[in-house]
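Pasting a structure below so you can have a look.
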Amino acid sequence: MQHLQIIAAQWVAPKIDYFALAPEIVVVVGLCAVLLLDLFIDQRKQWLLTIVSSFTLLAAMLPVLMLGLSETSVRSMFDGRYVVDDFSLVIKGLFLLAGYVVVLLSSSHVEQGEYWRGEYWFLLLTSLLGMLMMASSRDLVSIFVALEFLSIPAYMLAAWRKRDAKSNEAGVKYFLLGVFASAVMLYGMSLMYGVANSTLLVDIAKTLTTTGDFAAVHALAVVFVIVGFAFKVSAVPFHTWAPDTYEGAPTPVTAFLSVASKAAGFVALVVLIYTAFPASQDVWQPFIWVLSALTMTVGNVLALKQHNIVRMIAYSSISQGGFVLMPLAVAGMAGSENSALRSVVLYMIVYAATNLGVFAVILAVSAKTRSGEISSFGGLFSYAPSLGVLMTLFLASLAGIPPLGGWIAKFVAFQSLLQSQSNWGYALAIIGAVNSVVAFGYYGNVMREIWMRPPPDGDVTPIVAPGSLRLALTLTSALTLVFGILPSVGLRFADLAEIAGAITR
Amino acid sequence: MRIFAAESEILAPLATGWFLENAWLIPVVPAIAFALIILIGKRLPMKGSELGVLSMAISLVLSAGTAYQWVQRVNGASEEQFVSPVVRSWSWWQSGGFDFGIGQHIDGLSVVVLFVVAFISTLVQVYSLEYLRGDRRYTHFFAALTLFSGGMLAMVLADNMILFLLGWEIMGLCSFMLIGHWWEEDANSRAALKAFFTVRTGDMGLLVGISMLYFAANDWTQANLGLSGFSIRGISAWALSGEPNSSVITIAAVALFIASIGKSGQFPLHTWLPDAMAGPTPVSSLLHSSTMVVAGVFLVARLYPVFFVGLDILGSGGNLIVIIGGITIVISAALAFVQNDIKRVLAYSTVSQLGYMMLGLGAGAWLPAVFHIFTHAFFKACLFLGAGSISHSASHHSFDMKKDMGGLRKVMPITFATWIVSTLALCGVFPFSGFFSKDEIIDNVGYNGYNTFMVVGLIGAFMTAAYMTRATYLTFFGEPRGASAGHAAHDTHDSHQTHDSHDTHDSHSAHDPHAAHDTHDSHSAHDSHAAPHESGLLITVPLMILSVLALGSGFLNATPFGESWERMKLWVEPRASVVFEESKSGGPGESLNLVAGVVSAEDSHSKSVCGSATPEEGVCYAPQLNHAPFKWSKAIMSMLIVFAGGAISWILSMLVFTKRDPRVAGLTSRIRLLGLGHSFLVNKYYLDHFYEKVVVRSVAYPISRAAYWFNQNILDGVLHGAARVTTKLSDWVYKNVDQRVVDNTVNNSAVLTKSVGTAAQPTQSGRVSQYGALLFSATAIAALVLVIVNT
Amino acid sequence: MFVNQFLFLAAVLFCIGVYGVIARKNAVLMLMSIELILNSVNINLLAFAMRNGSTDGHTFALYIIAVAAAEVGVGLGLVLLVYRNKKTISVDELSEMRG
Amino acid sequence: MNMLQDNNWLLSVGTFLPLVGVVVLLLMPKAQDSAIKNVALLTSIATLIVGVYTAFKFDYGQAEKLQFVADVNWISVIKSSYLIGLDGISLPLYLLSMIITLLVVIYSLDHVPSPGKPKSFFALLLVLQTGMAGTFIAQDLILFFVFFELVLLPMFFLIGVWGGEQRQYASIKFFLYTMFGSALMLVAFLALFFKTGAESFSIPFLIENGAGIAKTTQIWIFAGMFVGFAVKVPMFPFHTWLPDAHTQAPTQGSVILAAILLKLGTYGFVRIALPTLPDAAREWAPYIGGLAVIGIIYGALGCLAQSDMKRLIAFSSVAHMGFVMLGISTLTSFGVNAAMFGMVAHGLITGMLFFIAGSVKERYHTLEIAKLGGMLTAMPRLGWIFGFCAMASLGLPGLAGFWGEFPAILSAYNPAEGLNESTFRVFMVIAALGTVLAAAYLLWMFQRVAFGTAKTTSSHSSHDDLHDVTTHEWIAWTPLLIGILVLGVLPNLLFSVLEPAVQITLKAFGG
């Protein structure tokens, strides 16, 4: 009791940089606004909420940009537990943009079926807030809190269609497994804290080594912690929740989960690996190597067998996650730290743009066909050529065919693998190469439906996508093309050479 | 610059002239004509044929001029001086240090063959004006014919092997087009395919041979002569320089010889030639008797030094060439007995004559062989055209001697006369040209020590006489049969169904469901049911010219009358003297000033080292060859053999045509006095049958039947079998290897991945607790492994 | 030191929790098992905090307790939702989507 | 050097002009057929004009140097730049691609295969053109790769949408095969990049420094490239996509596939694989040669087994590319010259054959050789053109095919030093045998298709279908026919351009 009082006595209020926190603050204000509006306006005016939430996100972009342009590159608070640096800014930008697109996707979708839209927007914004925090957290506690902050609303979003059994199932599975995983992770964290006697990542990095008496505990801790996030990024064999949840959840939510929350998981992984575990690469490198190889392969082969488009995309996004993990498997090796980080960030950006595009098309088409089957895309090109071409673009980009965004992302990933000039790297590169071919098996299958098959039910009434969807499609397809043809643009954001330093700061 | 050998003198530069310098125009003219015919031929009054004839006439004039000036050149040169060929060449294209040139190489050999080809082609084209009048592909025919002549001429005066190959292949193509000229008939197109394919198989040897020679010779020729390894002069000189590694040059020679086997229809690749008779008669007479088929022989004669060294001619008692030649002579002569189709008789006789040429070349009788090319061209062309004339005017376009001919000597005297002359020439009866060439070959073969093959040659001569007599008898003597007797055409056709002779176009277009070439029918209408008659001038005039030559051409090299008559030897045979070049810079294109070592004086014969040893200085372009001194004794002997052959065959014919009852033997002498002929009418089929029996028993049973069987079943069988096997093999490979193995591995890999997916699916059971179990067990395993590894 | 006993206790709790999560088919029981794991974590944290004499452990534990409360809330909400639609809370009934 | 860079805008214009046409097409309403066709036609004509102007500006005096070089910063982070240039090796293929595209467009004016959709059809054709032209001018590995892949999708759709019955299977197969190859190729490129010090992807630079890599490493890197290019060529074990793709593709697709796409692979060997990794090339040469001759015989056998005319021609491509690869595998400048010539010749001839096959299909409604026949009676002109092409394809001297085939065989007699002569001489003989087989299957096909009398079985195609060559066909074909003849008579036109560039490319082998 004594020392507690002593510590309490010497407590001083931390100084808070409100400018650095501006994005989060804006979002907080936005979500409160949504909550209140939802209470006071009547059903007919619900569209206001859409406007508000979308503008919240756009508004939050402003401080992000300003912070990015301000000359002080690193702003650290709570003695390094919450850091705003280029890395976190880029990620926040990504989250906000992805969130904005998701809002666009949702706006028409949530009107179907009489559910309370207010909750939807509220949960969406909350989850986004958690992600923004995740981008800046540099402490076990804040990481944990951010993780739960973004997860718990996501559980509810997945189950948002209350009267839809599938949606419920999706929610429950996601919830139970998610909580279980985070519990395991917490156990690892507790061990980590016990050894390092600090929850601050930088301190952990200092004490955490794979030598010495505590080596075993370290290994255990590292593995458990990584498992927690491997679950988030749905890496095989921690992916099992993803297909079911993606299929059951409302499609915009699926888009959100498969892009934003996955990205959040990767952010956490990156932060941990680069700031907390640099010394213990012998533990996580092989682990991530195996994860990545498994994830790519299993995701692909299972995707080959799907009939439901969303489920197929779910598996595809699993295997894409494998590609993101690829460079991390050599991140600890001399020469590839920077390139690995760059490729992870770039991959996340490109993948976000492309995958959201895919979902936009799926939404537009399913709004007409009312079917989740792949075959429902039959003859799309004949009655909705523009949608067909766009879908082809996105799928080709996912398959990594130049000159589309996905290509440069994969390329950079391979590059950093080979840059390590280690046999592990080469082996993984070969596996990745083969997988990128296999992947075309199912992407090509969809293309075949679109171009070469007749419409399933000779119904060829053209599709009129709502404005919001069109906007989303324009954004995503433009980004996909630009990243592919002028990769420098994307790399400009991903190439944060000093990022490793920025994190450890 | 090299220092001249001690005793050697500068010689006067050789005479040259416009024709010699511009001989390259000879093939160019027909080539242009070909293009013109293709482009505007159809619009011309005579459907482009006039262009063909005109161009050939021009080439003829040019080559005649060339020949004349060549003679001047030779006469201008001093005794024993090597008369250097007139070589001009232009670089065609270079690549990777290779220089492919085109150019002319005019020497005795090329002059002779040029003249022959141009001459025969001209006559044949004139002949065709009448023979193919009204054919629906008249223009195409002349185009192809002209292109053929162009190709052949180009090959003949080629100064390097690439151009040679070019002409060679063009000929092959044209023969394909011409044999298949009446391609509505499946048999014709198949024959065309067979011919082209067989020849092409031989060409493989040509490709390989040329490549080998190039790489083997190039360095030497560049160094010593400044010539490319493709140039014929270079290769010849290199072959005699003692430079070449014996195995390389041997293999190259064999490879090249394979090519000439294919082209010249030598055993065992001769089977295409008789089938090729499916083509129109002018084609048969031009391509497959007098010119194209001698291309193979020409190749050997052209690169003679290579074969001389490579196959060690004169060195041993036998070599590949003589063996093949010998076999060909006998085999094909025997085959000629059992043919009913007059053209096939001639075809086999051509093969055997080519065999003679090969035999001669193989046995070192270079000059007689070349001379035989010369003479043979005339009389064989004459024979073929004669056969054509018969079928054209007498036998309703049938070539079957037994069914549709006989007793024609009365109705077509000119054809008959020319035929007889040529036959005598072919048999090698004394004053006729064949005697001077063929006999010389046999003679020299013996003289060079190939005695067995001399015997073979004599046997060949005997058989030649025999089968030619048979053919002559069947065609011109006895009573007219079938079509020649004015019977309606249709029974001709019916009879055609029964036997295996190659039908010609009209006999089929008659029962061709949709008259494939109606115009031609109209043409055949003008004589179809008319009585046999002599052909028109356009046909007979060429016949007469040819027969005159068949009679006279022999005197160009009439050895019996002494040196002074051996003009061919003087003009054509390259002299085997060691040549010192004044300047090596003299690459192809300019004719070199040459200096010949004066051969030590005691006798001017066969003392040159060329061929026998390596010249210590200078180069040889031709090996030293021997010439058998002419002996009347030997000549008489061979003449006797020939006459014997003719006589026996004749007597047999008599026997056959006069014997009324086979069982009554010994009465023949009496019945023979009752004139010939009428007994023919009674059961002629039976007599035919009997004739066959007698002939078969007495003359040709051992060989010809066997040979024919061998030919049809083994050789041809092998050929077709090869084709069939290849097809089968390809089917098998395609079905089993390509589709089953290679392709399926690909498709199976896809299936495999899918099945892996199926295997992985159970993990996705949909049950939360199992998910949890998987999650934690994976964690536990990972933790365990990594903890163990890292501590 | 006496820390070890705490760690041992935590480990045991953790294992029991994991066992519960895997073995139980009842959603509520699974939730409770997860609570067990979280508590084992808390014990760990406090034990280490005592040993290291820092307060981070306590703070962390407090956060975990709070978040756990939220999780349980959401979890029970979801379970109720399922119960309304399916009249069961056995998670094995929830296997409509698979493969 | 500076003068080598003037009007360096030419190449970019020539390459990307088709895309402009594509944009215009996309903006046009679907209905206006004729307008769409005109736009496509004009675009391709304009492109060709630019190309011809380029060829006109090209300095043949120094054909071995890269000309019209443009070097613009592209992806600085991964040290890749937009580096393009043209030399003697690229020029012929660059032009060929433009010519073929134009002819195909002309041919398509009245032959848009079912199911119509001219708009997207022409758009894809033009995109394809950009991809092909770009591949031939790219001097940066990444750029090369991008163009190389850019070709895939349009072809995939051309086959898959406008193809025959099996089109979907064929298109997917084609795509997966090629992607598999190029994935490994990309890995190989990266390995090359890092082994040369991770400084630049520019091909000239890599040629400078590639030789420095350790031999074993080179061999592995070469393996990657080998797979990538060999699939495209296609060489023996990787060829099975070709017959399906060719058979199923629409005529236009087959023509482009045969005339240009197959050349991308061989071009890759000559441009990248050989000069950058000389030691590995020496090690691999015998195996490449072996596979090449296997391909020659194998393709020929495949041809003999075919009953479908188009499939037969497709297999003949395998054999012909075998000759090309044989020439390349000798590593002598003579052999590579022959190979380059062979590529162009094969492009002209086989492209032409596929045109003919298309027209036959259109008239007879079948390609079963057994059902054809008597083409010469029904359509003499078409028949003779067919015969001409068959002759050219079997390597008749005086026509283009010969100069690709015979020198390749010749070159195999003595390969570059360091290669086993006897092995290659065996190859030579086998290849010579291949020429015989070539004669066999081509003439056999010709005999069965053109000779004889029109089969009654095929008369279900009403007889008025059997019209002779149409005007559009004449316009589209004449250039090819002339090209075959001219190149056959004056091969130096091409060799003089190739020669110096090839010399430089192979200087590592003392070629």
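For clarity, chains are labelled A, B, C and D in written order, and residue numbers in each chain start from 1.
We adopt the following convention: contacts are C-beta pairs under 8 Å (C-beta built on N, C-alpha and C of every residue); 3 or more make two chains touch, one makes a residue touch a chain.
Quick caveat: nothing in here was measured; it's all calculated off a predicted structure.
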Pair joined by the larger number of C-beta contacts - B-C, A-C: A-C
Computed distance of Cα centres, subunit C from subunit B, in Å: 99
Rounded Å distance between subunit A and subunit C, as computed from the means of their C-alpha atoms: 25
For subunit C paired with subunit D, centre-to-centre distance based on mean C-alpha positions, whole Å: 65
Between subunit D and subunit B, distance of the C-alpha-averaged centres to the nearest whole Å: 39
Sites on subunit D at which at least two other chains make contact: 176
Subunit B residues counted as touching two or more neighbouring chains: 750, 761, 764, 766, 768, 772, 776
Overlap residues in subunit C, where contacts from two or more other chains coincide: 18, 21, 30, 91, 94, 96-99
Chain-chain contacts as defined at top: A-B, A-C, A-D, B-C, B-D
Contact set on subunit C toward subunit A in their complex: 7, 10, 14, 17-18, 21, 27, 30-31, 34, 37-38, 40-41, 44-45, 47-48, 51-60, 63-64, 67, 70-71, 74-75, 77-79, 81-82, 85-86, 91, 94, 96-99
Of subunit C, residues touching subunit B in the complex: 18, 21-25, 30, 91-92, 94-99
For the subunit A and subunit B complex, residues of the former touching the latter: 172-173, 176-177, 180-181, 184, 210, 215-216, 218-220, 222-224, 227, 231, 237-238, 240-241, 243-244, 280, 282-283, 286-287, 290, 298, 300-305, 438, 441
Parts of subunit D lying in touch with subunit A, wherever the complex brings them together: 74-78, 120, 142, 145-146, 149-150, 152-153, 156-157, 160-161, 167-168, 171-172, 175-176, 179-180, 183-184, 186-187, 190-191, 193-194, 198
Parts of subunit B lying in touch with subunit A, wherever the complex brings them together: 750, 753-754, 756-758, 760-761, 763-764, 766, 768, 770-772, 774-776, 778-779, 782-783, 786-787, 789-791
